[in-house]
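Structure first, commentary second.
Letters A, B and C mark the chains in the order given here, with residues in each chain numbered from 1 onward.
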Amino acid sequence: MTAGKKRSASADLRYEAWLRFRRNRLALAGLVMALSVILAAVFAPVLAPYDPLKQLIWTQGREVRLAAPSAAHLLGTDLFGRDILSRILYGARISLQIGIFATIVSLLVGVPLGALAGYFGGFADDAISWLINVIFAFPFFLFIIAVVAVLQNPSMTVIYLAIGLVNWVGVARITRAQFISLREREFVEAARALGLPTWRIIFVHILPNALAPVIVQATMGIGGIIMIEAGLAFLGFGAQPPAPSWGLMISDGQKYLAVGKWWWAIFPGLAITYTVLAFNFLGDGLRDALDARLKR
Amino acid sequence: MLSYVLRKILYFIPVVWGVVTVVFILVTIVPGDPARLLMGQRGDPETLARIRSDLGLDLPISRQYIRFLGDLLRGDLGTSYRNNEKVAASLMEHFGATLRLAFWAMILASVIGVSAGILSAVKQYSLFDYSAMFIAVAGVSAPVFWVGLLLLLIFAYGLQILPGVGYGDGSWRYLILPVVTLGTRPAALIARLTRSCMLDVMNQDYIRTARSKGLTERVVVLKHAFKNALIPVNTIIGTQVAELLSGAVLTETIFAWPGVGRLTVEALVARDFPMIRGSVIFMALIFLVTNLLVDLSYGLVDPRIRYD
Amino acid sequence: MRKTLRPLRYCLVIALFVLGACIAGAEEPRSGGVLRWREISDPPRLDPATASDSVSNRNLYLMFDTLVENDIDGKGLLPRLAESWEGSEEGRVWTFRLRKGARFHATNRGSPTGNGGREVRAADWKYSFERLVKVGSPRAYFIDMVKGYRDFTDGKTSEWSGIRVIDDHTLQFELEYSFAPFVSILAYPCFAVVPREDAEKAGVNFNFGPVGSGPFLLDHWEHDQKVVYKRNPDYWRRDDGGRPLPYLDGVEIIVIPDNTIAYGEFRKGNIDVLPDVPDEFYTDVKERFGNLFQERPLLGVYYIGFNYAKPPFKDNRTLRKALNYAVDRKAMSDFLLEGRYAPAPGVLPPGMPGYDPDLKGYDFDPGLARKMLAEAGAAEGFSVELNIDNNPRHRTVAEGLQGLLAEFGIDLRVNVLDWGVHLDLADRGETQMYRMGWIVDYADPDNFLYVLFHSDNFGPKGNYSYYKNEKVDGLLTEARIETDYDRRMALYREAERIIVDDAPWMFLFYYTTSLVGGEHVRNLRLPAFGHYSTPLEIAWIDR
């Protein structure tokens, strides 16, 4: 800290949070891991040794069909002779895209609704809480499948929307709880007494303070969303072939487990676990780091 | 107390109605004509019209909705398009399998989760703590269907010490892999929550008092700390049960377990409207009722909650 | 010396005699035993009037009898409950003489039936056919050419006038027009005879307790687990030696959805027959079980249709043919399907009457394909959509096709839809390319060519390509009413040739059917019609 420079109170808090975060080894590990996945996704064209869509069996014949991991293909090949390592790298793109976009949809829908419910209470709260409870009661997974089926066209956009439209309830709940606890605070009363317009109070004053747990939830949520997409793809309702979706690869590879060709189904699962782990560590770390802020 | 219970139940009813209506809407707007499917691949328009009329599909939507609500109130969930069984009967048959799976998964998850959580809290920052928590996070991060496949690969196909998928003859051996698979995630969640609750509690004053009174560590932990940490842990167990019961779809699919989750996916693919409606409502009801019971019990246990 | 040799000679003769008897006796079918047959899912329906899928049919063949049945090798029709039949008035009237002494089941699920085990009579047949219409069978329209169908289905008459009971053992059908394949349609399992007393008493629940006249009767049904059948002690059929069939005491249809566990159970001996050997174990089964494994071409085709009525395939025969030349069927079958499917040059599969072994289809010819693609204006490559339903095998084939066609610069976009949506789009002609299969209903080329390619059958009736060719229409319609067998086959051959040349499809494969039986199972004979019609009344267990 340089002497003489005045910091605002919130900057102090943020700096403390960062220090706390840095000390948490798991959180740092999560950060590094998440970055590695992002880098893999971004630099996939450079890192991947083969074209993930190129089916080598038509030119190289039987020997590249379901070939075990070897020097030429580090993680083996699948039924069509496609290199699994390359597909996993490109698959990171699909998973991250889904994670990010579905999260954005969840936030765009969940935060405003939660804020409205929490701030205004009364009928708005009753109505929105009712909607949240109804959606929450559905067997989550089946609901998404049904939504995908309704929207009929199985494209990636549809899937982001479907997941986002079901996932927003978690975000809304937390936002609502935050708004309920924050709206009675002095700074809000002060703002009201000053005659500031409601929307300003909500967005400029309360929201920034409410965001911390929402961000934690969203980060951990990315992991959850990636798993949901994998599950959808596994059941056949997600990404379409020949997309190198991790869930799809597990689904395609599972029937060969019994005859000893395990690499197709197992490696993508490791990729999913790694990625979700990364975001979970990150989320945990963020929560611990921001904890003191929350407790205050 | 009574007003608390009443309030909870009164909130319950509109949610149930909401669920029922959303299900109806969803099922109606999902494309795909069940009558067409019943005809098999080759179809002829007159037969199609007749089947549709038999199924009541040619009535206007509002009429169908009223009929649907009426049947529901009488407890009639309809008859499956696929095999003419009563949906309610079919659900009860399959629910038994799901219940069995969920029950044992919950027992396993609770036992392992709580013990691991307590031990980790007591030995905070030890090797045990770090490893247990790492495994727990991994357990939450690994996709459940992949875990299932991995277990199948190792134990059923590789070492061949456990049978593969399916209900088999109903013996407990077929239960092991699906239970472990399904229980992994709840176990991990419970472990983490128990640990953090225990840590919170153990830093409280009354624990220090108990220790200074000379009580052994074990008594302190088990009698005093644990009981108080139990409350939120209880809640999580409750919600997990609800989630598990309402269809462990992925686990049931991998292990070909004849439960409600799998039944619903099959019904979805076959556009078996009554079965889809019936099973989704069934599962939602189970979820809501379980949560309601947990809420009510929470109110019983902790008087502070009642005045919420 | 001579004195001792004589009794020795006798002993030798006796020994040979006994040996011969042993050998003959070893092949003498044994009674008893329960055959456990695996199915992949619970049969949706057991009422012949409402069933339409192969799992249900497997069960129907056990409980019911039809008038005629298909020869195991697809060589023609054999009598079943009809002893003989003849056509008159140029194939417009068909008279069947019914077998005497065939009886309905006397018990069902452990209790006596309403009919009490009485004899099957012609009136029962009329009742059963009328019931199909009354219950809304999805297959009743197969015989819509029987006089009075329209009026009866519309409820204008109280009985089906074209079906006549001449006497207790004589049944007659009058058709609106000559229809040569008529009798072969009657082999389809839904045209089975059911007893009026039990059907009416049970109503819709007949589905859960069906009563027929077949070799096995229903004992109990544990949904999603198994269906248990017991031997019908009053079954009319006997073997060549006069022994009453079936030999088995019972059959259990065991439901095991997962292939791996089914195979495991079979190897352990808990399942006696594994029908339709799954791809992943195919090579293993062939190696391990050798002659216990049976496989033969199934009367069915696996194809990808082009939408003949919409761009890009409308009026663009060169493009359609180019795609047919671009596909290496043999490699696809070898790599993706364990070599199980045979490349198909045309439509009619081997074993079907009218099959043309000389038909020249499309061989894999990449050079020609490229040339034709350029001619069709697709030298730069183009993008096209393929609809498939959500089945692992179809996904594999579609993905492989994607990779293959990518070599020609063609971007094949695969839409994996669920079956209902897929069918809906194909019905309405809202496709560019779509995958379908077609399996035989009755052993006549009419069942393939007319249904799939006549312009009267656009959409849900079977012509999903919306293909129209007036010459073909004419040939097919003529063949329906032609009564001379050779002339009919010639008409079908000509039609098929034109169809292949027009290429409304990417012709891909013929299906195969297979099964593997345990070593103690005898006389298990896989029919050309598919494993689900394997006659279990002639099988026996040697233990």
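Here is the rule we go by: a residue touches a chain if its C-beta (ideal position, glycine included) is under 8 Å from a C-beta of that chain, and two chains touch if they have at least 3 such contacts.
All of these numbers come straight from a predicted model, not from anything done at the bench.
Need the central chain here, defined by C-alpha centroid distance to the all-chain C-alpha centroid.
Closest to the centre of all protein C-alpha atoms: chain B.
Higher C-beta contact count, A-C or B-C?
More C-beta contacts join the chains of B-C.
Calculate how many whole Å lie between the centre of subunit A and the centre of subunit B, each centre taken as the average of the chain's C-alpha atoms.
Using C-alpha averages as centres, the distance is 22 Å.
If you average the CA atoms of subunit A and of subunit C, how far apart do the two points sit, in angstrom?
The mean C-alpha positions of subunit A and subunit C differ by 49 Å.
With chain centres taken as the means of their Cα atoms, state the distance from subunit B to subunit C in Å.
41
Mind pulling the residue numbers of subunit B that touch at least two other chains?
Residues 31-32, 157, 164, 268 of subunit B touch two or more partner chains.
At least two other chains touched by the same residue of subunit A: list those residues.
In subunit A, 149, 152, 258 touch at least two other chains.
Mind pulling the subunit C residues that touch 2 or more other chains?
Residues 260, 390, 418, 421.
Considering the complex alone, what residue numbers of subunit C touch subunit B?
So the residues of subunit C touching subunit B come out as 42-45, 50, 52-53, 136-141, 144, 153, 204, 207-208, 223-225, 256-258, 260-261, 264, 390, 418-421, 423-424, 427, 436, 438, 441, 451, 460-462.
Can you check the complex and tell me which residues of subunit A touch subunit B?
Residues of subunit A touching subunit B: 26, 130-131, 133-135, 137-139, 141-143, 145-147, 149-150, 152, 223, 227, 230-231, 234-235, 247, 250, 254, 257-258, 260, 262, 265-266, 269, 272-273, 276-277, 280-281, 284.
For the complex, which residues does subunit A have touching subunit C?
That would be residues 53-55, 57-58, 62, 65, 79-80, 149, 152, 154, 236, 240-242, 252, 255-256, 258-259 of subunit A.
Where on subunit B does subunit C make contact in their complex?
Contacts found on subunit B: 31-34, 36-48, 50-51, 54, 82-85, 90, 93-94, 157, 163-168, 256, 258, 268-271.
Could you please specify the touching residues of subunit B with respect to subunit A in the complex?
Residues 11, 14-15, 18-19, 22, 26-27, 29-32, 137-138, 140-146, 149-150, 152-153, 157, 164, 246-247, 249-250, 253-254, 261, 264-265, 268, 276, 280, 283-284, 287-288 of subunit B touch subunit A in their complex.
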